[in-house]
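Structure record follows, encoded as structure tokens.
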Amino acid sequence: MAPYFENNGDRLVPDALQGFARAHGDLLSLDPEHGFLLARDTSPARRVGLLSGGGAGHEPLHAGFVGPGMLDVAVPGRVFASPHNRQVYAASRAGARADGVLHLVKNYTGDRINFGIAAERLAHDGIACARVLIDDDLASDSEEIAAGRRGTGGTVLLEKVLGAAADEGLGLDALAALGGSLAARCRSLAVASAAHTAPTTGERAFELGDGELEYGVGIHGERAGRTVPRGELTPLIERMTGELLAALDPGAGSEAIVLVNGLGSVTPLELYGVYGEVARHLDAQGVRPARSLVGNYVTALDMRGFSVSLLLADEETLRRWDAPVRTAALRW
Amino acid sequence: MAPYFENNGDRLVPDALQGFARAHGDLLSLDPEHGFLLARDTSPARRVGLLSGGGAGHEPLHAGFVGPGMLDVAVPGRVFASPHNRQVYAASRAGARADGVLHLVKNYTGDRINFGIAAERLAHDGIACARVLIDDDLASDSEEIAAGRRGTGGTVLLEKVLGAAADEGLGLDALAALGGSLAARCRSLAVASAAHTAPTTGERAFELGDGELEYGVGIHGERAGRTVPRGELTPLIERMTGELLAALDPGAGSEAIVLVNGLGSVTPLELYGVYGEVARHLDAQGVRPARSLVGNYVTALDMRGFSVSLLLADEETLRRWDAPVRTAALRW
Amino acid sequence: MAWTGPEPDADGWMRRFAASAQATEAELTALDQRVGDGDFGTNLSAGVGAALRRADADPGTDTDTLGHFAEAFLDEVGGTSGPLFGLLLQAMADAVGEGGWTVVALADGVGEGLAAIRRVGGAAPGDKTLVDALDPAAEALKESAADPARTPGSALASAAEAGWAGVHRTAGLRARMGRSSYLGDRATGVPDPGAVGVALFFASAGGEVRELAPHLSPPGA
Amino acid sequence: MAWTGPEPDADGWMRRFAASAQATEAELTALDQRVGDGDFGTNLSAGVGAALRRADADPGTDTDTLGHFAEAFLDEVGGTSGPLFGLLLQAMADAVGEGGWTVVALADGVGEGLAAIRRVGGAAPGDKTLVDALDPAAEALKESAADPARTPGSALASAAEAGWAGVHRTAGLRARMGRSSYLGDRATGVPDPGAVGVALFFASAGGEVRELAPHLSPPGA
């Protein structure tokens, strides 16, 4: 029997999209043929449409970020599978502005390929298209991984900041360049004490012993490169934050936007406990946690884990972060 | 080893409160002695302070609803245990306005007792205090349960509407009466396919077989009155929505605020699928789902389940629902 | 009944109660897991911990210890059981403070505590709550108080016995109050955790209780 | 190699491939669970399902079926493997459309498909991807094409054999591309799911494959 609350016949994602579009009909509409979500009223000052997408199972990413101040259109695939190129192509056509469309793509082979084919088709139609590749995951930063770093929790930070920049009327190239520089200043690290429940089998995707921790998981429920003892929270967060800082190498007096992101089944009590520890560790290292976001933003179904992301932020980035946003999952 | 991401020594809740207060320092502050959270700037038009509280483990309830448009102060207890009366008393003194303080109390013996003793102490100090008893849970609506219906998911709906009413400057008695009439028009029903992880033992609080469903669970992880086969989503939601409507008996052309609330580990995909089914069933019964809220609002640690709440709403209630709110977990 | 054990004093009793609550925390938790929300063990254990801290910070007479325990439960312990135990302890501290360490004072105090708990919690005997252990214990003390030959030690031993018997009866009940009432028939067969806590309280007068299991089934069952 | 089985045609092959993918969906999923994100079985199965719908709605020549499969994978299947299989099928449909159902056309098509997959996905042989099964299969077809005595059936059987051998080699590799690369050494020992899919594709020319297990360990291992 299906492990999730759903109807038979592979209807988990399509039923969710319909319910989502109905609940947030003031913000967006669902294209029934291609299954993308189009914002009703992002700023008319935008010259470029912002599109993001990827496999389902990471909700609220990306559909939850469609609306004023953030995405023009989101393209969900099947669970953990990139949307196909025709979906991306149709969504891009719907979301493009005078200056074209910007693809925010998490760095996975499948997404690169499908978004890439869509981009070729758009070029053929004379619609300008550029790409920001989001690759914030520190655990996959290795010479041996030719596929490059994965795109994970940091995605929500980039989508927010780029949304504000798009509202300022920046052009396609400027936005793409900004995205690249934001991606370069953003790193994430995730851990899990239990795998997600595989939708196909109803079993945990992998088994961990009591007190074991996958250190460096992604958001598709694949195992991490290594398993470590979980231990108490403080040393774990010191280790994670320390590695993120070592990778980003912020100057003294730097400021960061901090994301503590639940992967599915971790409680808010735990996530806020994590945030407290991250902030304390940043204090000690002379980096100011200037803004924060704590909650489930980029999930992996019901995985029992969390990620910590840091985005080094200058004044302009903080201003863009503070700009108004009105989406299903993020608003201020 | 502790099943949750936490530090040893019973620090899950206190560490979370500190992290929470730090993350949302713009909205509220934490009283370090009594452990309550006080809003920085709810409307000066308020004549009555709104206070809510109860055991921890239900986050974002209640701390996540402190701020302009909603609560003045929240008092968390230990996990699943009412705060003690001295906490409630101190928090009430801090949150009271010229016209006194309104206690929003979920109907549990422990909460009734502790808030009750605090109310006696406030009366002794000459601080006016009234109580709204929230008892929306349909599953505990039985002559054999002398303790009465439990307070569950509907709590967030009442806290929002009462917050807006307090901002209009309503007095203590008027707010208490409004609360009572809202509570009478609100019912919830919850199901779970897996228990929460008990913080003390690390085991699931109870075991369910594959395809089994606890029908009518509360938010403390106790079992429901009965176990039923889970089945597909559509018939389950028809049954739940049908029972809620039968209890509320709305007239034709009624409008409802719908809450689809995750209890912890259910994914947004599932919750939006549920919302779609609820809305469709309401359509069929001639009740308009005028507003909706879909997400984790009143949880039971990491329980794998969800609740559906309906609040029958007249125009005034909808207007109050739409009034601006700015809290950690709810803002528009 | 002839009492042959050492005579308890209030301070020793409270400290043994604290030790008993801490020793049986896991068992109490397991019980509350089956018919409630699984926090009774931690609530009680946190309560006696807070009480001990007060008693150690300000040692004094027997009545002082009772008073510290009462205040800790009333002011620092939440949940349902915290304030209810506080009411019982407070009534006992008042009665012993007035009447001294006598069977009559104990009977008065526990009787007062029971009445306060029933006023505040609204439970009657038979509702499957701690009242079902406290009511027979109070009754036993009242009987003892009528017999001038009984010592506090022997009276409290009888109260404990009556309390455990009450515990055994709760197992057969369907709950009307407290969290177990939400379980309908499913709580039947399991004794009420709060009632166990009350019996443990009286039993600790005669000695520390390190394990609940031997007390949970009726003799001969 | 003398081919004794019945000669496949493209339409039959594609339908057997679809049946094989559906029959082995759970096994493919289990493999991707161990070294990826567990969706390869569903992706492939959804792909062949969409392809069959197209082929059934618009039956035609062999090349039409190949074309329907190519378009379905390119336009309706996401993930990594969907469009890559689409590229392979498209190149084959083009080549067979031009050159007819011959070993030379098959070798050309698969060679073109491999080249396209390498351009788009950037993987080289040895990176532990489906290229490790496709590259030897293409090589085997090229060799067969040089021998005018070979039939399509026998050439595809050799390609399948070469593909399975490639699958066995992937088990020993540490991944550099695809999701298994995130697992470091932990993927070593498990064959690459996409490579299995490719071998399955060629093996289906000669008959439906109902179970993967017998094919997953090298003969004699």
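The chains carry the letters A, B, C and D, assigned in the order they are written, with residues numbered from 1 in each.
The rule we apply is simple: contacts are C-beta pairs under 8 Å (C-beta built on N, C-alpha and C of every residue); 3 or more make two chains touch, one makes a residue touch a chain.
Here the structure is a predicted model, which is why all the values come from computation and not from measurement.
Colleague: What's the minimum number of touch steps needed to get from chain A to chain C?
Modeller: The least step count works out to 2.
Colleague: Going only through chains that touch each other, how many steps at minimum separate chain B from chain D?
Modeller: Step count on the best path from chain B to chain D: 2.
Colleague: As a test of understanding: of all chains, whose mean C-alpha position lies farthest from that of chain A?
Modeller: It is C.
Colleague: I'd like the Å distance between the centres of chain A and chain D, where a centre is the mean of that chain's Cα atoms.
Modeller: 32
Colleague: Averaged over CA atoms, how far is the centre of chain A from the centre of chain B? Could you give it in whole Å?
Modeller: It comes to 29 Å between the two C-alpha centres.
Colleague: Can you check how far apart chain C and chain D are, centre to centre, with Cα atoms defining each centre and the answer in Å?
Modeller: Chain centroid spacing, chain C to chain D, equals 73 Å.
Colleague: Two or more other chains in contact with one residue: find those residues in chain B.
Modeller: If we look for residues of chain B contacting two or more partner chains, we find none.
Colleague: Two or more other chains in contact with one residue: find those residues in chain C.
Modeller: Residue numbers touching two or more other chains: none in chain C.
Colleague: How would one label the connectivity among the chains shown: line, ring, star, complete, or other?
Modeller: Per interface graph, the chains form a line.
Colleague: Touching pairs of chains, all of them, please.
Modeller: Result of the pairwise touch check is A-B, A-D, B-C.
Colleague: In the complex of these two chains, what residues of chain A are touching chain B?
Modeller: Its residues touching chain B are 1, 3-8, 11-13, 15-20, 22-23, 56-57, 59-60, 64, 193, 202, 210-211, 230, 232-234, 236, 264-270, 272-277, 279, 292, 294, 296, 299, 301-302, 304, 306, 326, 331-332.
Colleague: In their complex, what parts of chain D are in touch with chain A?
Modeller: 26, 29-30, 33, 35-39, 41-43, 46, 74-84, 120-123, 127, 174, 176-179, 181-184, 186
Colleague: Can you list the residues on chain B that touch chain C in the complex?
Modeller: Going by the criterion above, the answer is residues 10, 55, 77-87, 108-110, 113-114, 116-117, 139-140, 142, 144-147, 150, 198, 200-201, 205-206, 218, 220-226.
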